[in-house]
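Chain nomenclature is as follows: A, B, C and D, assigned in order of appearance, with residue numbering initiated at 1 for each chain independently.
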Amino acid sequence: MTTPLRAGVIGVGGYTGAELLRLLQAHPRLRLARVAGNSTAGKPLAEVLPHTLGVAGVGELVVESFEPGLARQWAESCDVVFCGLPHGASAAIVAALVRAGLTVVDLSADYRLEDVATYERWYGSHPAPELLAEAVYGLPELHRERLRGARLIAAPGCYPTAALLPLTPLLGERLIEAAGIVIDAKSGVSGAGRSPSPSTHYPEAAEGLRPYKVAGSHRHTPEIEQELARAHGGPVTVSFTPHLVPFSRGMLSVAYARATPGTTAAQCREAARARLGEGLVSVLPPGRLPDTLHVRGSARALLAFELDERTQTVLAMCAIDNLTRGASGQGLQAYNVSRGWDEATGLPLLATFP
Amino acid sequence: MTTPLRAGVIGVGGYTGAELLRLLQAHPRLRLARVAGNSTAGKPLAEVLPHTLGVAGVGELVVESFEPGLARQWAESCDVVFCGLPHGASAAIVAALVRAGLTVVDLSADYRLEDVATYERWYGSHPAPELLAEAVYGLPELHRERLRGARLIAAPGCYPTAALLPLTPLLGERLIEAAGIVIDAKSGVSGAGRSPSPSTHYPEAAEGLRPYKVAGSHRHTPEIEQELARAHGGPVTVSFTPHLVPFSRGMLSVAYARATPGTTAAQCREAARARLGEGLVSVLPPGRLPDTLHVRGSARALLAFELDERTQTVLAMCAIDNLTRGASGQGLQAYNVSRGWDEATGLPLLATFP
Amino acid sequence: MTTPLRAGVIGVGGYTGAELLRLLQAHPRLRLARVAGNSTAGKPLAEVLPHTLGVAGVGELVVESFEPGLARQWAESCDVVFCGLPHGASAAIVAALVRAGLTVVDLSADYRLEDVATYERWYGSHPAPELLAEAVYGLPELHRERLRGARLIAAPGCYPTAALLPLTPLLGERLIEAAGIVIDAKSGVSGAGRSPSPSTHYPEAAEGLRPYKVAGSHRHTPEIEQELARAHGGPVTVSFTPHLVPFSRGMLSVAYARATPGTTAAQCREAARARLGEGLVSVLPPGRLPDTLHVRGSARALLAFELDERTQTVLAMCAIDNLTRGASGQGLQAYNVSRGWDEATGLPLLATFP
Amino acid sequence: MTTPLRAGVIGVGGYTGAELLRLLQAHPRLRLARVAGNSTAGKPLAEVLPHTLGVAGVGELVVESFEPGLARQWAESCDVVFCGLPHGASAAIVAALVRAGLTVVDLSADYRLEDVATYERWYGSHPAPELLAEAVYGLPELHRERLRGARLIAAPGCYPTAALLPLTPLLGERLIEAAGIVIDAKSGVSGAGRSPSPSTHYPEAAEGLRPYKVAGSHRHTPEIEQELARAHGGPVTVSFTPHLVPFSRGMLSVAYARATPGTTAAQCREAARARLGEGLVSVLPPGRLPDTLHVRGSARALLAFELDERTQTVLAMCAIDNLTRGASGQGLQAYNVSRGWDEATGLPLLATFP
């Protein structure tokens, strides 16, 4: 047994932070070294995340404050830092950590877009645009080679993950048309983060269902289009519609695309298996459809493909746990790849069922 | 105050039957006269539907058995019969009731399709095809004129209602292309009926989300296409995908269609207001999106339209309560129209919120 | 048909206000005249309560601001005012309305306690203690006589209602000991009100269950003890434990009490039927247990009694909808009684099932 | 790294079986060797438990049939067998396995009661009463010593676990009276098993709450009383009330007992810490109350104690995950103890939060 590497978590008080703690605890090659979070600094973790109370090595950790000037000090006590800060707040801190020599897995959107102009249109000015070229988009199934040795991993969010996994193989194999792709995605409420708001107040989020930020207004759209364009070899524009679903965890994406002539569902399945590998992705056999319940708490993604023959529409479906696969778990998977470890190291495969 | 008409309910033990009882109790011009249901015959209603226990005039009613030979006898004690039997089981009974002179509101699919061949492809042989021509498709906003005086009303289910309300005005006004329409619809679990099954067992239906019967295999597809074709004036083929969502009541349908040149979202809203009227349909203003929570227990439908300008995709959205608007409530609304009453008579407008 | 009386609602933006609107709309003898709510003043109701959008006579009402100086003006345009303000904020406004000659149904706790010292221990100083004697505790089954002609009705909350309905008959008939009563009650999240907070943030309220304010620290305790003491004819002290349950509406209370010698479950049922009447209360027969699902959206209360013979413990159980029976609906029921109308006038009896 | 022992699972198609698979996969000293389940024999596990599809070493296992004659053969390929069969069906199979030399962890109730007469009153005749004396009640915190080297571990269910953990230390330290204990317990729906039924049909289990099998009629009552009596040193009779709560996993038990003179909440907390140890049990500090959400997917139990001073009632509370702690996880914990391993080996400590 080798000595585990030391992991730090910044932004520990949110749901991606909480999920990182759970996953790190089960990881055989990493151990939690320190945690930070500015709004909760100074408190024991058990106060910030009540479920950690009584868990030795976790609950009694004191949340530190963090600012870029501390990066060098963190570089001495950590081998890798996972950063779960909100979009915008993350960029400068991640830059400082990378410059201090740390490997950083950034769970925000701040290093996911290659084009700084696109970033600034959606998120505002970027403090370290020169690092965008170095950052690797952390969807392992698409970028395994580029991830090896990466020092700055920009782990994608749940919506892009669930859209890209089933669509990129189809575009790459020219099984669907690039024009007219519709993505109808449904997210559990934890995807909205941990800050209370009227729209996530229990009585108004439970027992209801609603779309939001429709018609191209959701800021995950450019990220999806960037990676689809890479797979297609040319620009791709999609119509993306997110929904809020009354459960805490889970995401289902159903993408609709026009089949190119002759495409079969079997070809779609085969393309996905060939291009994505079968590590943490499972392509369902004909007749099986993905259910978010079957990946709850698991880092796996379930993919399914069907062809609506009457309309020549390909359905490219994906179910994931938005936290275990979409954010924290995927960041860990990408880090595993960057180290050359088996990509599933320490990640839960079997869902917590039911 | 006029004497209320007498209503009978057949198939009272299911969810559409239960909802009919609730709505009839609040209806000022109808009173519940008798109830039947073969699998529960002989029991007091309070045993079959436990929430009716203690409600005078309801809970102590004894569920009768019914067979076509009793139609004449029911015609003497009822003015209208609501029939909530399963598809297939309904056709012969409805036929007998109509022939005995009763007005019948059939909540099954048995009289919704005009073309007997289409019916038989999806449901099996039809015992009374000659009545298909007389039956009126009971979506009042589309068929107000034909419903006046109708004796056989085929009330549509929840999926067709939620798809047709927002799409038919757009097709009618040539605001969208008829080709390539995608309908992504999400239903609460009560839509699956009252019989326990593995897929509706609580631990496997809660906290998860899944598509089912995708790629043209759901039997509401022909019904949707029939009415879209009528609005369009020519055949329409859609790709329809239903999902099961973890709440009891509610349905959201988001349809994606290519805009015809020059179409705006404002035109879509205006077309819906003009063609559907604003009785039990509300078209949301720009920036508001439909939430099933806002129509829970209400007979209203919330519609919204947005244009994704980058892809020229129209989003035609609709939220309803699958029981209050999609089945039982809509049957009652159609019956109100058939009698010449205000179509909202006795129907709940304000949702049970939250 | 007589002309409906005019009802005003103050504090319309919360859940009790929303429920009042729903119930008033179905009430044949009342019509909504005006609405007020300070934090939302100036907005159309459809913005404050989105489910009212499109409902004629409701959604387009503008929320007014209110302060005591306006009481006289309200007295000219209303016959009754329902006040759904928070505890503490309600007292002075209610006093002004009563002094202006209006009948007021107060849904807060401000006039529920007869003893001003007790009030001040739990809620702070009271601006109008002289009105406490005039106020009638608005649990109709306990105070039908005193409610006739009442001008100030202090409608009880959900916890006291669910505890008092099954316990008061048993104490009144000496079927249980007054000492050692334990009340274990479970509430849906709407009972916590409409303001977002960490504990009602969807991901931390869904899929979990927790007690709160245990061991005598919940401020509904004195209200419960006041009414139990009245029924018993001497002081009663209870151990009351509330819980938060992951659904929006519903309350279940199970009280445990020592049987007096010879008590049977049948005697308990009979006592409840005799003392409460069977208007909006149903005592379940042996073998049936109350389910909150069976009263969702209904103003009825379901009671059940069982005797654990081995331990001589009486279980006194009650299920209600915390909004339709526990607050708004009960206020309306009490008002019906005060006017001499049938107490169920305009109230929903059948639950929205499922 | 030592070679893992080989574990078999019988009754794999239910929820306790599914949870065992998840836990075994993360256990460093055990590996899944074979699985059996009579109603699903012959099928690949991925058909029986769809979430296992694609998980190497699990999903492709074929479910075997099992009958006692095969025990000897299993003894050759397994070191330990976990048996998740229903009560009654388990006894003979477990007996055969034990006689064949295997260590068996039985998750049914068949070996939990020491007194065969009591067993037969609740469950019917017992095929191997002579093994009752050898079986060790598998609640590790109560029986760590007896568990060492045990060959037949009768792992308790969720209700007894949640009741016994907080109550036994109080009885053992004479902090509460043995008479008059009331246990009000609330269970997630997975506790009802995997067979669909009307009461677990989603629309009738979601969004509602109900007690069931009240007043001493639930068959976990004798098991609770047996272990309380052992702690107390004399007979104990409790009034136990189970409830069904609308979430899949989780159990909360609140027990009410009369304090003996002078008892403080601090003494209760101290007694629990001293008697139970702090391995997988956490006693919450004053002011913190247990939430089932905080142990979802975790093998830990959260305990809290409060004293209602006005009524001298002790509240002894416990939150667990009914599958991870109440059944499968606890069986594994007991097995860990029996082997002399750290009792938390392989068990998840941090909840899947949120």
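Here, a residue touches a chain if its C-beta (ideal position, glycine included) is under 8 Å from a C-beta of that chain, and two chains touch if they have at least 3 such contacts.
Please read these numbers as outputs of a predicted model, since none were measured by experiment.
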If every chain is reduced to the average of its C-alpha atoms, which one ends up farthest from chain C? A
Return the chain pair with more inter-chain C-beta contacts, choosing between B-C and A-B. A-B
Chain B to chain D: how many Å between their CA centres? 46
Measure off the straight-line distance from the CA centroid of chain B to the CA centroid of chain C, and report it in whole Å. 35
Distance between the CA centroids of chain A and chain B (whole Å) is 39
Find every residue in chain A that makes contact with two or more other chains and list them. 15, 190, 203, 206-207, 246-249, 291, 293-294, 296, 354
Which part of chain A faces chain D closely enough to touch in the complex? 1, 15, 18-19, 21-22, 25-26, 49-55, 58, 190, 207, 248-249, 278, 282, 284, 288, 291, 293-298, 300, 302, 348-354
List of chain A residues in touch with chain C within their complex: 15, 188-190, 194-198, 200-203, 205-207, 246-248
Counting only contacts in the complex, chain C reaches chain D at residues 180, 182, 184, 186, 203-204, 206-212, 214-216, 237-239, 241, 243, 245-250, 252, 254, 256, 258, 289-294, 296, 306-311, 313, 315, 317, 319, 354
